[in-house]
Structures are given as C-alpha cells and as structure tokens.
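Before any comments, here is the structure.
In this document, chain identifiers A, B, C and D correspond to the written order of the chains, with residue numbering beginning at 1 in each.
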Amino acid sequence: MQNPYIPYPVRIDDITVEAEDKSLKTFKFVFLSDGDEEKFAYRAGQFAELSIPGKGEIPIGIASSPVEKGFVKFTVNRAGVVTTHLHNMRAGDLMGLRGPLGNCYPWDLLEGKNILIVGGGFAFTTLRSSIVYMLDPANRSKFGNIDVVYGARSPGMLLYKDELVEWEKRDDINMHITVDGTDDPDWKYNVGFVPPITEQKAPPGGPDTYAIVCGPPIMIKFTQPVLEKLGYAHDHIIMSLENRMKCGFGMCGRCGIGKELVCKDGPVFTLDQINQTPREY
Amino acid sequence: MTLLTIDKQNWTKGLTAAADQYQLFGPVKDKDQHQFKALTKGQVPDLDLVNTRLSPKDLIFPQSETIIEYSLDESQADHHIMKEAAKDYSPRAVVGIRPCDAKAVQLVKLNFDAPDVKDPYWLQAYEATTFIGMACDAPLSTCFCTSAGCGPYNAEGLDILMMDQGENYLAKVLTDKGQAFADAAGWNQATPEAADAFMAAKDAAEAKIVSTISTDNLVDTDLLELHGASFWDDVAFACLNCGTCTFSCPTCWCFDLQDEVHGKSGVRMKNWDSCMFPIFTVHTTGHNPRETKTQRVRQRFMHKLKYFVDKYQTGIMCVGCGRCVRQCPVNIDIRRVCALMNSFKPADACAAQG
Amino acid sequence: MSEYTEKMRQIAGRLLKDCTVEMVIGFRKGTMPMMNEPCFVTAPEDADSLVWDSNCGINLANYLTNRKEKIAVFAKGCDSRNIVNHIVENKIQRDQLHIIGVPCTGMIDKRKIHGMVDGEILEVTETEETVKVRTADAETLLDKKEVLQNNCALCIHRNPVISDEMLADPVEEQTDIDRYADVRKIEEMGDEEKWQLFEDLLAPCIRCYACRNACPLCYCPTCFVDESKPQWVGKGQDPIDIRTFHFLRAYHCAGRCTDCGACQRACPVGIDMRLLTRKLEKDCQEQFGWEAGLSLDSRPALDVYQTNDPEAFIK
Amino acid sequence: MFTNLMEYMGIERDRIHMSWVSSAEATKFIDVVTQVTEAVRKLGPNTHFVKQQAKVA
C-alpha cells in the first residue's frame, strides 16, 4: 500500500532569495531516490507538503513547471515554525517532500482558450508554473492570448524578476507588471494596485476567456468585481484557495469548507463553486 | 450466515482459546465507567454495561499514534529520512462492541478508506480487527440509534453479532472473519432454529429506544441557507469549545500531525484534533476562518448532519450513541440541534435578516 | 428552588422590558436529569425559559469575558467572586453589569448520585434538604448534603460578594469548615507517593480541555498548550505533557481561583484537578492572607508586591 | 508558591533553587551553583518530568 504520509527524501540543491526584505526564498529540490521524480508527476496549480523532520510540514504551491525536469521549486514566505526553520536551512540539507497534492488548474478545459492571469505578491508561484507550462514550445499553440497582470508592493518584492523581464520581451504573452508604489525613477512598468490595473489592461471576458486569480484576500476581494465588470462569468473565474492543512489528502478534516476539502477537492475552485460553499477560508 | 449457541462456560473457554490467535479487546469496568481495554489472557470482558464512556474508535485510530520515525543524527547514513514506523497489525478482535460503535467504524471508513487515497495506519488496523458485537437490550434514554440509521441489533460493520439469552449467548456469524474467530474459539453449536428468537429480541430492543430524531428534511435543505440560519448563536452560547463531544464521538475522525524530537531521534504522530478548538483552523498569518465559537459549533453540527449527508449520500454522520448528549458539560444536545436543523425553513433566515 | 425560578423570570423580564440591560445570562432547563444549559435571553417574553435549581454549577462569569453589551447575570457566591476577578482583570466593566445575587446552598454532583444508585437515572427532583432520584425500577431519597459537589460542601462564601440586587435573603454561611484536609494529607506524603498520586489522578485525561474552557480564569487568547512559537508542551497523550498542562494551568490560576468547581464538574472523565488548585489557594492564604475575588479594590496576591511578602524561597 | 507546588507533586525540594544574583556578584554566583550542584548530586538523577520518546501507540 502506498503510504501517503511518507515524504520523498529530497536535498536542497539551491536557494534563491527572491524579495528585498528576504522574507521570500525559492528552494530548488532534487530527489534522492531514483524514480521518485517520476512518481512526483504534477500539473501546474498543485501543491506539496514540504516536510522537515523534527519541525513538521507546510503546504506550498509548486512553483516549478511540469516541463522543467530534474528538480522541483517552491517559493516560501517566512512565517511560522516550519518556514522559519526552512529559511535557515542550507543547500545540501536533507528533508522530505510529499505530493503532488490537490487538483490543478483545469488544463483540459483551458485548452484553446484565452487566458488571463491575475496574481499578487508571493501567491504568484503556481501562476509562474502555469505560465512556464503554457509558454513551452510544445504547449504554446494550445492556448489563445495570454495576458498576465502581476503586482507586488514594490519592485524589490516581485518574484522571478529575470523571467518577468524575458516574458516582457516576448510577443506571445502580454505582461502587465505593476507595483503598489516605487521611488525608482527608472521603473518603466505600471504603478497601482492590481484591481485597477486589471480594469485598464485586461481583455474582456467571454465564453473563450478564462481568468486565473491568485493573491492575498484583499486583492481577490477587489479584483472580483472588476472581472465581473469585464464580463467574466463566475464559472470562468478560477481561484486557488488556502486553508490550514495537515495531511493534504483529505483525511485530517481541518481544511473543510462546507462539504469540500480545500486540500483534496481544491485548492483550485471556480468562483461559481466557491459561491456554493460557506466562506470559511 | 450461521447461528451459533454459546453457553456461558464455553464463552470464557472460547475466548481463552481465541487469545492464542488474537489480541483481544473488550469493555472492562474502570472506576465509575466502562472502557475498552486490551484483555489479558483469561480475562473476560464485562458485557453487562450500557455504553462505554469513550467509544472504542481508539483501537483503530489511537488518540496519539506514531506514524513516522527518523534520525537527526548526521553520523547515521539514513539521517533525516522519514520512514514508516514499525507497527503490529497482527489479528485482534474487539469483543462486545456495540452495534452503534461498529456502524460508526463504517462511517469513519468512508474517510480513511476513500476510493482514491487510503490511510494505511487506519486501514491496516481495521483489516486486522474482527468485530464481535453485543446487541443492546438495555438502551439508555439518551440513545437514539434507531432514528440515526442504526439500531440495537444493527449488524453493519460486525463480523459476529451476539445476543444474551441468560444461560447462553446466541451468535450470528456474519462474515468469514467472524467464522474464523468462532473456529479459533471452538464455538460450533449451530442452532438455526434460534433465528426467530433473534428477531423477537431485536424487535423488543428497538421498542425500548424512546428517543428519536428526524432527519428527513436535511438532504433537501439548502446548505448555505442552513449555514446562515439564525439559531446558531443560541445553540452555541453555552458551548465551552472543549473537545468532549468530538473525542467521545465514535464518528469524529479529525486529527493533527505533530513532530516530536527526543535527542537525535524523532517521530511524527497523529493526534486526535477537534473542530471545537480555535487553533484547529487558524492560519499562520493569524487569520482564522472559524474565528468565533458559533462558527465552530456550527461546523460540528453541519458536518455531521449536512455536509456529510450531501457528500456521501449515506445518511448522517451520527449513530445515535448519545455519548455527546450525556457528556457535554453544558448540555448541548445534538437531538435538539438536529430538530432545529431539520425543521429549518429558509424563510426564517430571511425574516431574521430582514 | 421554584421560588428562585419565579423571581428570576420576573427580574429578567423587568430588566429587559425597561432596557436596563440588553441580555440576561442564566440557565435554561436541560434535556437530561441534573443538567441545565447556560443561555441568554434578550426578549422579555423569553424570560420564562430561565430556571434555577441545584444543577446550575457552571460558572456564568465565564460567559462575560470581553462582552460589550449591557448584561444582567445571575451570580452564586462563587460566580460573584469570579465576576470580581473579571472586573479587576479588565475582562468586563462594572457598569456593564447588573448582578443579581443568588444565595446558594450548593450544587449537586451528578457523578456522586450516579455512584449511589443502580441503573439509569430518569428523573431527579429536589426539595430544600433532599434529592429524589428515580430510576426505571426504584426511587431513592438522598440527603442533599451528601450529594453536593465537593467544592460546595467546603464552600465558605455561599452568598454573593457583589450584587446590584439580591434574589433572596442571604443564606447562612458554613463555619468550621476544614477546606484543606486532603491537601494536607498529600503534603505529608513522600515524594514517590505524591508523584504516583498525580500520575493516577491524571491518567484518564483525554486533553479535551473542558476544565480549562469551563474556567472563568482561563481566558487567554492562546493558551500556553496551544502555542507553537515556542511550543511549551507536546501535543500527544504522553503523561508528562498531560501533567505539565494541568499543573501549569493550575499555577496560572494561583491567587485567582475561587474554587467554583467548574473544572471538576466539566471534566468528562471525572478528574479532581482541584487537588492542584486548592493547594495553591491554601498557600496563598497562608503566605499572603489572600482569598480571591472578595474585593474590587485589591489585585490578586501574585499580581502585587508588598515589602512583607515571604521570601524564604530565595536562597 | 511554585516551589511548593512542585514539591506537592513529588519533585524533591532540593532540586529547585531560586536566588537573586546580580551581575556583579560573581562569588555569590559560584556559591549558588556549587550549592545546587551539591544538593542535586546528593539526590541522584532526576526521574520525574523527564520525557523520553513520546509514549504513544
């Protein structure tokens, strides 16, 4: 019997500091045992439990993309016991990885459609995974227009800056990068919160256009009416929820919202689905 | 299915014989209450009881259970590698489990033995266990099993169902596992003619259940409207948010995962948790989706009487054992709450908001 | 006791009708013998749901913590002392409260009664002095004094220490009570015997935290057992973790505990954790001459420094 | 009070020691540590409040 509680042993291969305040680091893991990487086959939007013996586990969205082989990446905000410990670990240290867990963005449904991605802060991780997946030469033709609105508090808080610059240069993806504010005179992108920038830049909704939204609650709250105004139906707005989790595969019971479990039935839900559950997330 | 008669001398002898092949658990008297415990060889479970204080769910789902072991000692080759803790899943039998508690195991099984993912610890313990039930001829006034999808002679989840006939026990062998246990115990006096006596006793016992609940409207009531009903503050007011109801409940399965380290070696364990506790859902940011007592109390009742009903379509997540009714320190009564929920009309909610 | 109920309903109705308060906190009839449920009433016509008898042992001060409304609350002697604590500790304001004092002759202990009769108890009725217990096949008349909660039997503050109106004339206080005979007995034991005593006492604990949550003193937003940074106590069923919880919780209540008995009453497995809290109560009395919750003008003993505080423990 | 409670639970009195030592009182500090060490040595290894690997199922 496959034991879903036992993590795959992994080694920290590389650590990148992402944010200027050092609260965000990206961890690149490689699997210690042959075959584990294949078993860990995932799709963009799924998460995994980063498992540190002696400290515990933390559910984190997978930031690397299924088209990237040989490693998996997670961007982690330093907050609680486990993430603080993780931030103090070094390349070469051993730990565990349990997953992939949860559902993913509905890629079969999204095929042939225009995609609007709206992201804020460090919730950009699974969105990065999605963008890399869609931009892969083998996949790009499967999707229509791709628009990305991504905001952070300041330029220094944006994740994956090198990639953002690269994507800006491409003509098969429309990037709308924004920051809440900056005193950098050389800043050549948008300034403003994500919702108004979405209103200005995002394409209108329609049967062939889906929005994927991921960010802090306050951003989601104000982005939702904007998308409605732009003509996005509730079943065309796709969101990824967070709740306190332990097991990650639907046993331990704590992440339930109504009859849905965020860890197993989610974390990805359409706004339509969310509207049918109590808002206990 | 075979019907056996076991005279009471043979009962004790049989259990002693079966103890060679099975680890036996059964109710024993512990101060003012009964509790399920491991039986020493030759020890006879005390079947003259009402309901045990805690359900026997911990025999399969211990309150604290080590699931993973690891070493943090970097001089060891396998340091920081997390491994399944060694467990004993040799055959065990729980003797004298009540039909309500046995049915509860089947409800919990829906969670731990889902089609797509299994909890190996729960499932292996479950599979190793033979359930030998004792029908319930003297229910309490707080028992409401017959209207909770169960009953004093309910056989669901049992391998053997026994009834007390004074001089002897009548045992219905329901499964191969049950037959194997009867063989190990040497119980082989088939008495098919006793079937009528069994039926009569069943009817008599069911007639003794005086407390009932109604659940007929729960399925068709809108989930969100019930969630927004106006009675939750009143229901929750007295609640202390302790874990008594959830810990004594045979169908509550929520748990926590915790690491503990001693020196250089550590374990990860599963501990019972409770939706009554504020920290059950609190995010690292401090945000708590179920911040208030009312929200937590509502979660417990909605889970048992609505979410579960909608999710599995097998009725409510309650077997009517009455433990939470009897043990709640402030007398919050699931029968009363169920009545409120079942008779809820969405118009009430509108009026309350209006 | 039925006079109490009648008067309570009248008072509650009056206070709600004339808008003296927004809510009244009391008890309603329970669904089982020897159980009542704490409840609130906000409409005058609902005042008739209130009841009073010897099954109102839950401490209602526990339901006042951080409330913002204007509240009328029924208070036994112990409840009133905990209300004093609450006011002193700023958990509620004095002017928010209309305290209706309930002189009390003790609450009955359902565990004791269960132990004294065979079979399931179907009905319990009481008079001033007696408790009548009916089971399926017998009726037993018990002396109420014999079935009081242990803390009530030892109570020396049966009358409320603070109130805005009284439900009845004060009852006679018990005198010549030896509150600490069992504590002294433990003090005289050897170390191993003591250790074993608490090992046995706490063995049935299931960590449901009913004792903590029933206690009006335990209002910390996050209890030390629930802290994760740092984590003070293991979360499993290890006996050391269980003991750490119980003795530290008791210590946090030192100089504040009124021995209302809510913890023991709430415990689903019948642990007498008052053996810990009363030891501290005894020491507070001996070392500081302090009894908790008697006056709005003084702070708990461990909250203040006085030059004559004993300091023999500092070597 | 704390010491009393510990003793009440079965922890030997001499295992618990409370002192005020100022940062300037080096010699007092040495004395206190020596005293405590002696007292505890006399009592032998502590057996209570020592958590081994969690004793659970």
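Quick notes
Throughout what follows, contacts are C-beta pairs under 8 Å (C-beta built on N, C-alpha and C of every residue); 3 or more make two chains touch, one makes a residue touch a chain.
Everything numeric here is computed off the predicted structure, so don't read it as measured data.
Farthest chain from chain D (centres taken as the mean of C-alpha atoms): A.
Chain pairs A-C and B-C differ in how many C-beta pairs they share in contact, with the greater number at B-C. A separation of 51 Å divides the Cα centre of chain A from that of chain D.
Chain B and chain C, compared by their mean Cα positions, are separated by 32 Å. Spacing of chain A relative to chain B, judged by their CA centroids, is 39 angstrom. Residue positions of chain D touching 2 or more other chains: 51, 54, 56. For chain C, residues that reach two or more other chains under the stated contact definition are 234, 236-238. Shown for chain B are the residues in touch with two or more other chains, namely 63-64, 256, 258, 260, 269. Note for the complex: chain C touches chain B at residues 30-32, 35-40, 58, 62-63, 111, 114-115, 120, 122, 204, 206-210, 212-214, 222, 226, 234-238, 265-270. Interface residues of chain D facing chain C in the complex, by the touch rule stated above, are 1-5, 8-12, 17-20, 32, 35, 48-51, 54-56. Interface residues of chain B, counted against chain A in their complex, comprise 67-68, 70, 72, 79-84, 111-112, 114, 117-121, 123-124, 223-224, 227, 253-259, 261, 266, 268, 273, 275, 280-285, 287, 289-290, 295, 299, 302-303, 306-308, 310-311. Per the touch definition, chain C reaches chain A in the complex via residues 228-229, 231. Listed in rising order, the residues of chain A touching chain B in the complex are 1-7, 9, 32, 51, 53-57, 79-80, 83, 93-96, 217, 242-244, 246-247, 249-259, 264, 276-281.
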